[in-house]
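Naming follows writing order (A, B, C, D and E), and every chain is counted from residue 1.
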Amino acid sequence: DVKVGMITTLSGGGASLGIDTRDGFMLAMEEANRNDVKVIIEDDQRKPDIAVQLADKMIQSEKVDVLTGIVWSNLAMAVVPATTAQGLFYLSTNAAPAQLAGKGCNPNYFSVSYQNDNLHEGAGAYATQAGFKNTFILAPNYPAGIDSLTGFKRFYEGDLAGEVYTKLGQTDYAAEIAQIRASGADSVFFFLPGGMGISFLKQYADSGVDLPVVGPAFSFDQGILQAVGEAAVGVKNSSTWSKDLDNEANAAFVAAFQQKYDRLPSIYAAQGYDTANLLLSAIDKADVNDDAAFAAALKEADFASVRGEFSFAANNHPIQNVYVREVIKEGDVFTNKIVGTALEDHANAYVDECKM
Amino acid sequence: MSTILIIEQVLNGLQSGVMLFLMAAGLTLIFGVMGLINLAHGSLYMVGAFAAAAVAGVTGSFVLALIAALAAAALAGAVIEVAVIRRLYDSDHLDQVLATFALILIFSEGTRWVFGSFPLFLDIPDALSGPVTLPGGIQYPLYRLALIGVGLLVAFGLWLLIERTRIGIQIRAGENDREMIAALGVDISKLYTLVFALGAALAGLAGALVGAIQSVQVGMGEPVLILAFVVIVIGGIGSIKGAFIGALLVGLTDTLVGIFLPEVLKLFMDAAPATSAGSSIASMSIYILMSLVLIWRPSGLFGARA
Amino acid sequence: MSLLSVKSLTASYGVSQALFGVDLDINPGEVVALMGRNGMGKSTTVKAICRMIAAGGTLEFAGQNLHALPSHKAARLGLGLVPEGRRCFRDLTVAENLLATSRLGDWDMGRVTQLFPRLGERQSQLSASLSGGEQQMLAIGRALMTNPRLLILDEATEGLAPIIRQEIWAAINRLKADTDMAILVIDKTLAELEQVCDRAVVLERGKTVWSGTMAALTPEISERYVGV
Amino acid sequence: MTETILATYGITKSFGALKASNDISIDLRPGEIHAIIGPNGAGKSTLIGQICGSLAPDAGRVELMGQDVTTLSTDQRARAGLGRTFQISALAMEDTVLENATLGAMGASGRPWRFWSAALGDRSLRARAEAALERVGLADHKTKRCADLSHGQRRQLEVAVALTLEPKAFVMDEPMAGLGAEGSKNLTGFLDSLRQEAPILLVEHDMDAVFALADRISVLVYGEVIATGSVDQIRSDPRVREAYLGESA
Amino acid sequence: MSRETLFNAALLLGLIAVPAWAVMTDEPFTITLATRAVILALAAAGLNIALGIGGLVSLGHAVFFGIGGYAMGILAHHAQSYTPLMEWPFLIEGTKFMPLIWLLAIVVSALVALVIGILSLRTTGAYFIMITLAFGQMFYYFAISWSTYGGEDGMSIYVRNDFPGLNTLAPIQFYGLCLAILVVVLVFSARLRRSPFGLALNAARQVPARVEAVGMDPMRLKLVAFVISGVITGLAGALFADLNRFVSPTMFSWQFSGEIMILVILGGVGRLFGPVAGAVTFVALEHFLGGITEFWHIFLGLILLAVVLFARGGITGLVAGKEATHD
């Protein structure tokens, strides 16, 4: 039997992401309907020390074999190294910080989502394709924000009209919008996850500045879009998944998710779903206690991903397409549709740093 | 950097200050005037925003949404006061801290229980959307101008209430010596329930007004709570005027330092570290401001009373 | 019928009982002294009457059972308290202190400042920065502003200069002559009490041990219960 | 030996337009009780505040045992030998009577920087505290919390705490306030005996006590000393009668 | 023996018995949970000295907790990556030796407490609360953008640090170490409360004017209390980091300051074992309620509310009644 420990955020501000992750993951588990896999779910409250404590509990008392579910990079950094150091497997449903992709990579650690930079790189590639020449870029002042702008610049070939770091958790962007207006930019890239993005988009739409905007999928997630409303319509964003991605697995997933939870799935749900299916595929092939064999089984990625083509790069991070989506209104619901592909079969920038 | 931009940023600073005042106003009333440390003030702010979003979602009317926000927050405030706070006036400030912290937990998760985990939608009314052109060619969102107006009105109204009316005097007297004012025939309990409801309503109003241009989500109240505390402490607890000046100071500092410090640093160092160092210091700026003010005047700018 | 009627009053602070049976009656227009050594329960009696602490026994004012009323309602029946230690509202100005509790009646700002001109002079000063004596005047003025039927002065002249003391006694005399306000006074100056009061009630260890007219208060009795 | 224990020279203090102290020079000699009287609001407490260091004078000088203490803080003055009582009792209400007295003994004996041994276990501290309580008649209430004392008892404790300091000079702001007739009488007797230990600067409105105790009286009106003299001189001074005493006395 | 003493003894015995219970029921994680409670109790015991005796309502104690954490994080980080902490003017290497880490945590906490104390103690009441919070926020934002040491992501230390004669990776041994430190601090607190310093500090909280008038400087008393308090909380921070083998800026956050304060209030302000009772209760609630429902915060809130409304003096007050006066 395999025991899986899921640590994710189920209460407080960021709960919606964790709930989607859990629901996607559990949907796959239910569909598989097997009794040799047991999942234990705990709420990390988005606090690193709680996450560490839960990991300890799952490892020491529950004796799990695999951990998964963490949404946030800083929590992942707190849990993942210690987990893999103790010989357990960790499958990331979302957070995939650079440290764990490069020098800190580990044969027992797999990111089933992406590498954190991927969507930003996609946005940068799109900005280049779209012919943007002078983009204004902004992100919060914390490691993920800095990585984001770096990732964008990696694939963006035009000039920068401005580069601004905002406060983490900032809610008022009037000053930045004024800067954008004055900068002579021809476009805007922003990475502002969660409520920050909602605030920015609403205020941007109301400001009268109407330069094209692009951002990573985090700010255009199914859960968030309804709160942004009209202000988001038409905005382009980069994503590795979309509900209208044309493949069989995805169609089935979207339908089943809607059926079961009565809402549209988000990218977090999709990643959770994929993670569970990857895990199940490996369990069928190898014994979880045989580290090498199980790692190899995971690495084959022999499952039907809702993202279509899916394989792992040398550092156990996905090779996949990054798409460009546009926000649209479907009836009463705001959602995304794919309008192009920014990067094809894209891996990540850290593969070479990883020695394993 | 053009003068227009500088003027616009000063305007932004002032406007964010007024918005802060709107949030701080209710807190000043409760904290400053009634002497109660109400950590749950942020929750009332959230209640207002959620009530507004829910009603706007059903009726589509912003006016109704505002009324709902006021009513829901006032009601929540009155209920809290009667059920919990009333028993705590005589006890330690610390008991109030614990109790209102507990209320935060209850409100946050209660709201999530009722409305789900996803942020809600609340938009500004059509009549107030879009920018207007100010003299000098500055484009400025009309809604934000409206916010400034409301903030000024609230400031003036509150000042009148507290400083100029008999009820205001009685409230302040109650803060000094509750037992005594009651023994002299003033129904201070009822008065305090009213004040608490009023403070809560103001928080709810702020939540609804600000929620229209920010995100309406669980936990939205706590960062605001801290800022509001900073504001009233800088201004001097119990002083409406102080809260107003404090809010403007904080708004200006926050906006201008964040924008201009990286630029200034770029004169001395490379662009990338300048941006990052500049914004790091900027995020601390209001706290630095507050400690400087308090080191200089230990009871805030207008806190002669404390 | 008496304005205030107190019988077998008991009261405790937590576990320690302070009153064991106080009897006290006041008729309209009467000035009564409540006497006793330090710590015998005078202030506690006053607090019980004003419903500031819970008490047992009979407690009636103007025919109403005070036990049934919260403190502010009791006060509105016409109890005007000048508490021990003055307890002015520190952060309020003199004028605000007076306004805070005023109720319609003969007493208003004008009349109070006439009684204590110094309060008029310091109208806009914060009461915390008043001198001790000024605060005492303010506390009396504040109680008068409620237009009470029974004025209760706990330590009526504590900390006042002799000349002001005389003013206050004069004021009490005037109140006695001009109005039918009843007055309950606690003060340590026996000689002065004797001049203004009609009757005295003496407490010892939380009990009424003597009551009678001022004339009947012989030196032996005051020596025994008050120590002079 | 210095002729004066405590003296002020030209103390001046204004609150806005109000001159609360105007060029006040007074002194306190060994073995005497020097009473300061004056109408309410004349500036007595303000003067005491400046002597004890809680208020800084705008101009003028305070000397204790010939040493200029004007720039010293309150606690430094206390250690230099100034023992004061407050007009409104300032006691640690949650603590017991004995603890309050021990606090005084501790301050006087030097530093509170001992973190391990129990304060009440210190024999000498305790003896000093208990002796002071004994003298004011609170010995029976040692273990009561201050909050449970009556007003009058608190006044007694206020004096006891000052006693534990064994100061060079006492400064007392209305120690009789709130004491019953009997209490005043007792305290009067007590202060009378206390002057042997250290002289007392006494602010008091209780004229019976003042006339019984004072060697000298200074009269303060509107921040100025209008008269200084013996009991009889002051009693018969028409200005004093007009400003302060009225018809009484 | 008073009820409070009995209650305290029961608490302590309970803590000592945890490992045995964990082994018997085969729930080894209970030890880790108890270690967390003990360390939080230590942090709260630090605050309890400033708050409970000195009346200093510090909403910035996370500063010291974080300093302790980063002392551990930085030293161990350099030790594990074999890079020196500093080469100029003299070489300082990282270390994995706990006592050295603690020493650094203590010294830095003391210095920072001294500076914050000097600046903050000019204010009182709510102003003090807020100025300490302000310092906390400064440290928090600084840590977030301190990219050398991980910024918001914090730092992972893969292996727990060493203590001579112990295998700190064994949960029981690490627990024993933490518990021993807690007991030492509690004994010290107990003595402190009755010492001359404690008496004076207690009075300085109630009537500073009186303390001054008897020749002591209330400011200085409070400052010393603040420093002692900061040092203890800093030490707790170092242990906490070692427990999690991880540090991050959340250790500096105002929420954490608030949580430490909540522990003290919940357990009973100024009560010797208040922090212990508070921490044990809180950690237990957090752990067990979390398993019951997703909306467990509501229940946590209701329980805390009940404690405030019905138990004056926190849990200790509820169980042991009002504090007895000592002669």
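Worth pointing out:
As a convention for this text, a contact is a pair of C-beta atoms (placed from the backbone, for glycine too) under 8 Å apart; a residue touches a chain by one contact, two chains touch by 3 or more.
Owing to the predicted nature of the structure, the values given are computational and were not obtained by experimental measurement.
Touching chain A and chain C together: B.
Set against the Cα centre of chain D, the chain with the most distant centre is A. Just to note, of D-E and B-C, the chains joined by more C-beta pairs in contact are D-E. For this pair, chain B with chain D, the centres built from the Cα atoms lie 48 Å apart.
As a whole-number value, the distance joining the C-alpha centres of chain A and chain B reads 34 Å. Mean C-alpha position of chain A lies 36 Å from that of chain E. Inter-chain centre distance (chain A to chain D, centres taken as mean C-alpha positions): 74 Å.
The multi-chain contact residues of chain A, meaning those touching 2 or more other chains, are 11-12, 141, 146, 168. For chain E, the set of residues touching two or more other chains reads 144-145, 147, 295-297.
Shared interface positions of chain B, defined as residues touching 2 or more other chains, are 108-109, 112, 276, 279-280, 283. Taken together, the chains touch in the following pairs: A-B, A-E, B-C, B-E, C-D, D-E. By the touch rule above, chain D contacts chain C in their complex via residues 15, 37-42, 45, 87-88, 148-153, 174, 177-185, 205, 207, 243-249. Contact residues on chain B toward chain C in their complex (touch as defined above): 166, 169-170, 172-173, 175-177, 179-189, 238, 305.
On chain B, the positions that touch chain A within their shared complex are 1-2, 4-5, 8-9, 12-13, 15-16, 19, 108-109, 112, 116-121, 123-124, 129-131, 139, 141, 143-144, 210, 212-220, 223, 255, 258-259, 262, 271-272, 275-276, 279-280, 282-283.
If you check the complex, the residues on chain E that touch chain A are 27-30, 32-33, 36, 144-145, 147, 150-154, 156, 158-159, 171, 240, 244-246, 248, 250-251, 286, 290-291, 294-297.
Of all the residues in chain E, the ones that touch chain B in their complex are 51, 57, 119-120, 122-127, 129-131, 133-135, 137-138, 141-142, 144-145, 147, 254, 258, 261-262, 265-266, 269, 295-298, 300-305, 307-309, 312.
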